[in-house]
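Several structures are given next for inspection.
In what comes next, subunit A is part of two complexes: it sits with subunit B in the first one and with subunit C in the second one.
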Partner chain A sequence: MTYVRIVWAHLAKDLRLEWRSKDAINGMLFFSLLVVVLFSFAFDPTMAVSRQISGGILWVALLFASVTALNQTWTRELRHQVLDAQRMAPSPASALFLSKVLANFLFVSMIQIVLGPLFIVFYNLRAIGQGWLMLLVLPLGTLALVVNGTFFAALSLRTRNREMLLPLILFPVSVPALLAMVQSTTAILTGESDPGLWIRMLGGYDVIFLTLCLLLFETILGAE
Partner chain B sequence: MSSVVNTTHAVQLHEVSKLYGSFAALRKVTAEFAVGKCYVILGQNGAGKSTLLRLIAGLIRPSFGICSILGSAEAGTMRHSIGYLSHASMLYDELTAMENLRYSARLYEDNSHSTTSLWQPEQVLAMVGLDARLDRPVGKFSQGMRQRAALARVLMAKPELLLLDEPFSNVDLASSAQMLRVLAELRAARKTILLTTHQPELARPIADFICTMHEGQIVSLEPAQSPEGRSA
Partner chain C sequence: MKKTLLIGLPISLALLAMGFYQAMYVAPTEATMGNIQRIFYYHFPSAIMALLFPYVNFAASLVFLATRRSNPLRAQAADALALASAEMTLIFCSIGLATGMLWARPVWGIWWTWDERLTSFLMLWLIYVSYLLLRRFTAGGQTQTLAAVLSVFAAIDVPIVYMSIRWWRTQHPSPVIGGGPNSGLDPSMWPAVWWNLAGWFVWGVMLVILRYKLERKRQWTEQESALQALEASLETAR
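Right after this comes the complex of A and B.
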């Protein structure tokens, strides 16, 4: 229970900071909306073509938008050296990491809630497969993005070009997850194949990377 | 936190060096800082004062040498007993002082090493002369208020060892005087204080020892003279 209380303390602080500054949400929202609208102007797809390409567009838009928020995640901890206070505190480092993951998960999920209906309208979408499976794919995909993103943002924290470095590390590592997200979304929308394998792959990816990142985060935080 | 300690020395350094590439920020520093004393550390910019405090705080590791803090030579084990105030406030600008302190308290309150409870945020803000009802975010505080709020955060965990890196810089006289009063009380309560400053005249009234650093070395460590002219 102690651990949960500490995670909640970090999380409540992050939500309060975001509520007051709206740094992450605003940046993500405008960026992802821009991508969705621009792509809808660039293509004039039929409904069938939309189903084929929209999974890719949705996840690429979310991936790029997430990077803007993930870059902010640790920046506010660097301001006034708050991160040093975190390092001095006797609370577990993994609780800090987990709270950041949860905060980013909530922020990206909020973007999805806004983006989802617009996406359906702009691309004239209707799922032929089992649409309810999107309720599984979206959180699993989002978790994959934010776990790695939060970890690698912390890893690149002390580098001079951290905003450049994050996508350079994050995107290659996220390729298997991105593939699973896009393929499962496309399978659900077109109904042409079974998305089960891709969803299981996404789940496995989440478990492996969340465990690794939780175990390694203390080393990253303690690095000089 | 009285997990401290069957030792007469809060900090023992033996031939401690800290290298950044080929630059030596600390060079074979050997020194002992006794429990319950206040040490004022002087030196020019780049003398190694801040590096010394960060190393004692456990935020950086020595390249060579042994650093024993409150009886433990294992890095990070005594961090619950150390209060560290850096040049920066270590507070979130968007939160009020009270919110910052409540958050910080959460991270310390379940500390299993602790045998005494924390100060309440209201108590510790009153100690440094800040009104707990202030609903302004810390980002809108004056430098003096911000520094006192930062000191309050440090004091809240009742640390045995206080590391204060230039606490009076850019702070008005009234705020400095308030902070000095608090530090004098802590010294009377036998807390160990290591304080760096460029204003020795301000810190001298609470100093037991004056330590001078130059080019990464401690060049002198002498008892301070009290205003009455006797050795502290």
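Right after this comes the complex of A and C.
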């Protein structure tokens, strides 16, 4: 019970901060919107082509957008030595990590709620496969992005050019997740293949890396 | 370091010379690919070495994470080994990729294809580039811990990458060692493979030891100067 309450305290603080400033959401939203528009200009897709490529565009846009927000998520803890206070606090470090993951998950999900309809409009999409499966793919994919993203943002927090470093270490590790997200989304949109394998893989990826991050986060937080 | 060079250099050079002789003059010309197949004797050992040293890196990183509080001296040594083997992974991985491309161009007609083994090999390369970048971008004592954590991520990620790309697509020939029937090498080609494998193995191990010793010296110098600064501050305090 106490663990849940600690997570909730962290999460409520992050949500309140975001509610007042709306930095992360505004930045991510406009950024991903720009990526969608830019890709549309770059490829000028017809309806059949857009069904093939829009899965990839959606996830690449979300990946880039989430990096901009993830860079901010820990920086705000640096001011007034808040992070040092967190490190000294007796509460488990993984609770802090979990709450940050949940907060980022909520932010990116909100982006998807806005971006999804825009995508359908701009790319004239209509799922030929089972469209409701997207309700499974979107949260699982988002979780895969933000779990590793939040962890690597904390890892690169005290490095030189950390804004640069985060994508450099996040993207290579995220390749299997990105592959699974894009393949399952394309399979759902085109209806040509079964997305089941990729959704299961995405779930497995989430479980493995969430466990790993929760186990190793204390090491990262305490690294001197 | 001199001793390593004195022992390692003659052995590895002799083995590599023998390997070169075997690969270029003794091994028969391949029936369909012709002489271009001889690049295999360099492609294969590099690829094997590039798959071997990540395990050394992972093991050393685990030792570092386990002992960094209880036994800092051993942890420092483990970190030096992790760094040395990571750099060696990157070198052999680059050679494997380059020779693979040179071989693929005349045989497959393309430089590159997004197939299971090529792509996962490229991912291995990318992950170790990011590992070394992380080491370069961080400063002070935290470098080692952060790098060790990233190494654990790499070790877990690479098999997942391999499986995911396997489900995606495949073009590379089935494994030469332990593959199905008709996938094996002609027996007359084996000596060239073994000599080159042994030669590159000794060469790689020698470079890892040299790099390890170099890193140990750097750590020692760093500690020494930190100690001197500490002593100097004690002098002024008095």
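To be clear about the criterion, the second predicted complex is superposed on the first by the 224 of 224 C-alpha atoms of A that agree within 3 Å, B and C clash if a C-alpha of one lies under 4 Å from a C-alpha of the other, contacts with A are read in each partner's own complex, and residues count from 1 in each chain.
Methods note: a residue touches a chain if its C-beta (ideal position, glycine included) is under 8 Å from a C-beta of that chain, and two chains touch if they have at least 3 such contacts.
Keep in mind that this is a model prediction, so the values were computed, not measured.
Student: Per the contact definition in the header, classify A:5: touching subunit B only (first), subunit C only (second), both, or neither.
Tutor: first
Student: Touching A:193 in the superposition: subunit B (first), subunit C (second), both, neither?
Tutor: Touch status of A:193: no partner.
Student: Of subunit B and subunit C, which one touches more residues of subunit A?
Tutor: Counted on subunit A, the partner with more touching residues turns out to be C.
Student: With the two structures laid over each other on chain A, which partner does A:208 touch: subunit B (first), subunit C (second), both, or neither?
Tutor: second
Student: Between subunit B (first) and subunit C (second), which, if any, makes contact with A:75: first, second, both or neither?
Tutor: So A:75 meets neither subunit B nor subunit C here.
Student: Can A:158 be said to touch subunit B (first), subunit C (second), both, or neither?
Tutor: In the superposed model, A:158 contacts subunit C only, not subunit B.
Student: Applying the touch criterion given at the start, work out whether A:52 contacts subunit B, subunit C, both or neither, answering first, second, both or neither.
Tutor: A:52: touches no partner chain.
Student: Shared contact residues on subunit A, subunit B side and subunit C side combined as an intersection?
Tutor: 224
Student: Can you list the subunit A residues touching subunit C in their complex?
Tutor: It is residues 148, 155-156, 158-162, 164-165, 168-169, 171-173, 175-176, 179-180, 183, 197-198, 201, 205, 208-209, 212, 216, 219-220, 223-224 of subunit A that touch subunit C.
Student: For a test of understanding, state which residues of subunit C touch subunit A in their complex under the given definition.
Tutor: So the residues of subunit C in touch with subunit A come to 65, 123, 126-127, 129-130, 133-134, 137-142, 145-146, 149-150, 152-154, 156-157, 160-161, 163-165, 167-168.
Student: Of all residues in subunit B, which touch subunit A in the complex?
Tutor: Counting only subunit B, the residues touching subunit A are 57-61, 76, 79-80, 82, 84, 86-95, 99, 103-104, 106-108, 110-111, 113, 137, 153.
Student: Which bits of subunit A are touching subunit B when the two form their complex?
Tutor: Those in contact with subunit B are residues 2, 5-6, 9, 12-13, 16-17, 20-21, 76, 79-82, 84-91, 222, 224.
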